[in-house]
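Scrolling down, you'll hit the structures one after another.
The same subunit A turns up in both complexes below, where it pairs with subunit B and then with subunit C.
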Partner chain A sequence: MRRLTRSPALRVSGRRLLTAIPVLWGVTALSFLVMNALPGDAASAILGLDATKAEIRAFSVKLHLNEPIWTRYWHWFAGVVTGNLGTSLSSPQSVASVLGARLPVTLELVIYAMIITLVVSIPVSILCARWPRGVIDRLSLVLSMGSISIAAPSLALLAVIVFAVKWAIFPAIGYVGLSQSLAGNLHTMTLPSIVLAVPLIGFYIRFLRADLLEQMQAEDYIVTARAKGVTEWRILIRHALRNSFIGLLTIVGLNLATLIGVTVIVESVFSLPGVGFELLDAISNRNIPVIEGIVLVFGIAVVLANLVTDLLYGALDPRIRHVRSRS
Partner chain B sequence: MSVPAANVLTTASTVPPAEAAGSAPRARGWLRSAEITVPAGILVLLLFFCFIWPMIYPVPKPVGGALQTVNLPLFSPGHIFGTDDVGNDIMSRILYGGRVSFEVAAGVQAIGLAVGGLLGMASAYRGGWIDAVLMRILDVFLAFPSLVLAIAISDSLGPSEMHVIWALSAFSIPAFARIARAAALQLRDQPFVVAARLSGTRAWRIMLKHLVPNMAPQLLTFTMLGAGLTIILEGGLDFLGYGIPQPTASWGNMIATGQQFISVYPDLVLVPTVFLLLTCVCLNMMSDGLRARWGVR
Partner chain C sequence: MAATADAAAPDLQLRPSPLLEVSDLRVTFGTRLGSVHAVQGVNLTIEPRRTLALIGESGSGKTVSAQAIMGILPRTARVSGSIKFKGDEIVGRGERELRDYRGRCVAMVFQNPERSLNPTMRVGTQIAEAVGCHLPVSKQEAHDRAVELLRMVRLPAPERRFYEYPHQLSGGMRQRVVIAIALACDPAVLIADEATTALDVTTQAQIMELLLDLQQETGSALLMISHDLGLAASYAEEVIVMYAGKIVEQAPTKELFAGVRMPYTQALLDAIPRIEMEPHVLLPVVGGRPPDLAVIPPGCSFAPRCPRVQQDCQDTCPPLQQHEPGRWWACWHPLGKEPAQ
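Coming up: the complex of A and B.
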């Protein structure tokens, strides 16, 4: 036990998890407050325009919407602590089962996009750093500037125009589950993932190229490696790139929150039944338990990503294992 | 634009070696550096055409198009970018929509700078529990999907340009607070600040006269980056139906309407996309160029 408490990785993760709790609480309280400030309520939104006043009243009572906000928040909060996320207001499903159905789609989208991003941006930035100011470097700088400047809906629709309307390689909308058919799933998920990945690719290339070049021109270990006669390629990949991974990791962790926002737009363009799609629906229906569940999951994802990043720092660079307990 | 003195002194050491060791003619004149002047020139042109051109030239109205002129192609006589599905001149909608984009970008940056910048700077300078509380609040905002907050704010206030500005400030206030806090933390214990404090200068005066000028390069370059991002986000909000309502023109809602006719009239999406892209590329390039010039990391 004593050994365990001494382990820096455990101590760091323990502290991070503890500080994450008030953050997550703040996230849910904030969204509860914001959602309750919205005009209109779930009862009238779900019953539609034809409902009478009495019907709406009865439905509100059934959904506990007539109780004060603090009581409702407390009910919800007590449920979450005991592992119960509540029931969706618009359907008899529990929030957990709604999330269970929607989350895999979004998760696959994000992971697929991240893989595309890394597979493209790492080799390209190595090529850029190998011949700075060369053709590849200049071209990729121009393209990456464009890719970080384009709005997600524009990019998604451009992709649809080119790959779905003009060439019909990928479908414009629709979703095939991973359990139904792998090929069908990849067929429907590739275009949305590329759209999600493009701005990230630009961002990562800009970062990695600058980081690699900076090392190649100044660092002592690079000079030493050159003096030993190590080839430029080997220096780039074995010496410089490995160091850049730490910075890259920070960016991946930070990007996750932004990426989640973009999935809402991408899922809406491609009609993917993911969390973002559900979120838009829940917001327009004032389906607060579902919104709360989604916001909580997003919050946990961001907090966990940051935690994993911090732990990986230590694994990648032993020097920061002890110093970097807090940031 | 005068570069603060302290920054000039540190520039030499903080310029990344990649830049310093690169092309030799680094010390060209301000005007000759194309990486700043070209995007700045394009932005000035865009601003001129969006805000002043409609006043001096009879541009058709962006709303209330005639049924006879529905869906004209690009380069039609009198409608250089054609017309949309209800016969409105696209050129005119681009110009008026550009006004919205620029106004929203400016408004959101101004609010972010004023509220977030001040909060971040004051909390870093004061330190202690105020800073700790602010950091936790910033953590909440960092973990919170801002798009949800923006949608909720714009939904609860109702669709209008001013409300979009408030909604998108949900992004800019925490971002500016972080940047300002980081910048102020670096400056707080610098000798000139300590000297000012020891000679009895009031806190607000130190912040205004000593911190703000030295943080200005960082905040200004971030403002440009943020303006580009805001324009992109405004497009996204419009696209989801929580932004500028039709029939008011905005680049985002032009793209959203164009989506319905994408297989027949892709120009309806392409034209606003090109303008959105051009504007954001220029803003990003200016931010990059100024950052390299001022040695902001």
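Coming up: the complex of A and C.
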């Protein structure tokens, strides 16, 4: 046990995960309240307009929907603590199996989008910082402002019209699982991931370019490197970029969390069977157990994204690494 | 002003051929509010094994002069005049040629050891990089040379220090690393730009001693840039005092302190605290501010702050001239030279 607590990474993780508990409790309680405040209920949503009052009452009693909100939340909460997320109201499936089927799609989408974002924005911002106010810099300013300004739903529709309908490079809708075929999977996932990535790419280029230029113009260690006779390219890539990555990591961590929100839109446009798609369905059905399960999973994802960011800080910045191992 | 060209006339004394010859160096920065004339016609010569001090307050153009000599001025700077290293012109060279020159011919130690090292890179790697920039060495050879340099700058346990990061070292140790980087390729001229200003007094003395020792070992010339006339008095052989972008007095250290001529140098000297002074007495400071370098007045630029100012100081700028062998000053009414009346 003592050896465990001496590992700084484990100590940071432990502290993070402990603080996550009240956060997760807060978001699930809040979403329970909000769902309850919405007009309509699961019974009438699932049984349809033709259902009789007696049918609705029977359905409500069967699923405990007639009990007060805090009793229901307590039932759900007690279930979660014992590892049971409950059962979907609209189907006999357990919430855990619904999430298990849907989560990989969303995760893949977010990770794929982040990879595209970094692969495009890092080289472009290096080129911009190498020749500030040059052709590449000016062009990328215009394009990135455009990419930041465009709204995700309109971008998604535009992408479908251009790349799926007009040129038919990618399918407009549909999903092939990663386990079925890698090529087929990439074929269906690339366009949605690009749609997710485009606004981020513009934002990352603006951020990284500004941070690199700041390093190149204001930092004394860059002057030292120049005085050594190091080439400008090497200064940019070996000296400035490494330091700019520390700032970039902060945004990547924040964006991993916000990206999960955007997937709701993208998944519904491209009909991808992800968590976001399921969430929309569950909200219209007032399917509270599924909603709560998704909120919980999103919350855990945000906490984990922050944790990974925190651990990566130590990997990038030796100062943080050493402070941690000393404390 | 017409006499500045004469002032550049070569010294007639027999001396070894200079490493670095700077003549009529002018540096101007274009800003939105007009041109700032940071350096206005500086001449200086650096000979092998000599220690020269360039003294002046903030904004006097000493650091800009050093940056011009290193070829690391920002692109917004306009440089004219001539900087010759062993007879080769540096001004107007392209980036590739300058890169070859920096670090190998002239190297620089910077003011702030807190910030002049890359925080995310091991100190040894930063030294090895300087070695690899100019010499065709393998990774292992660069490593060995870096360890040797760390030993040269008297850092204990150099093998272990190689793998440490800057934040693990004290200010003095970091400055030793910066010196090791500067010495990596055996430069002929070492410029120390306020190299000890950010350090405490004990460390300051250690670093200065180290610089002088290394100068003896490597046979390089040392140009120390400082605002501290006392520091120059202790370590330099010759002192150049700059004010508002110009050299106002130049003399061998001993002679300078035997009798200062330029009132500005005297004002700097008076501002140094002395042990025999009464406690709690305000130090005499140089009143006023250095002039705005965007506007050049016709007269002496020190005139508005000078206690000995007279009408001719306001009208015409005194040229820097050699008045006694090895002693130059730019003043119409120098101290200790009052005409007998």
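Everything that follows uses one rule, which is that the second predicted complex is superposed on the first by the 311 of 327 C-alpha atoms of A that agree within 3 Å, B and C clash if a C-alpha of one lies under 4 Å from a C-alpha of the other, contacts with A are read in each partner's own complex, and residues count from 1 in each chain.
Rule of thumb we're sticking to: contacts are C-beta pairs under 8 Å (C-beta built on N, C-alpha and C of every residue); 3 or more make two chains touch, one makes a residue touch a chain.
Everything numeric in this text was worked out from a predicted model, so none of it was measured.
Note on subunit A: of its two partners subunit C and subunit B, the one contacting more of its residues is B.
Of the two partner chains, subunit B is the only one touched by A:Pro153; subunit C is not.
By the touch criterion defined above, A:His239 lies against subunit C but remains apart from subunit B after alignment on the C-alpha atoms of chain A. By the touch criterion defined above, A:Leu249 lies against neither subunit B nor subunit C after alignment on the C-alpha atoms of chain A.
Shared-chain residue A:Tyr221: touches subunit C; no touch with subunit B. With both structures placed on the common chain, the touch criterion links A:Val303 to subunit B but leaves subunit C unconnected. Comparing which residues of subunit A touch subunit B with which touch subunit C, the overlap comprises 217. Contact residues of subunit B toward subunit A in the complex are 16-18, 21-23, 136-137, 139-140, 142-149, 151-153, 155-156, 228, 231-232, 235-236, 239-240, 252, 255-256, 258-259, 262-263, 266, 269-270, 272-273, 276-277, 280-281, 283-285.
Those residues of subunit C that touch subunit A in the shared complex are 70, 72, 74, 95, 99-104, 107-108, 110, 112, 115-121, 126, 129-130, 133-134, 165, 167-168, 178, 181-182, 184-185. Against subunit B, the residues of subunit A that register as touching in their complex are 19, 22-24, 26-27, 30-31, 34-35, 37-39, 132-133, 145-146, 148-154, 157-158, 160-161, 165, 210, 213-214, 217-218, 257, 260-261, 264-265, 268-269, 279-280, 283-284, 291, 294-295, 298-299, 302-303. Residues 217, 219-221, 223-232, 238-239, 242-243, 246, 316-319, 322 of subunit A are the ones that touch subunit C when the two sit in their complex.
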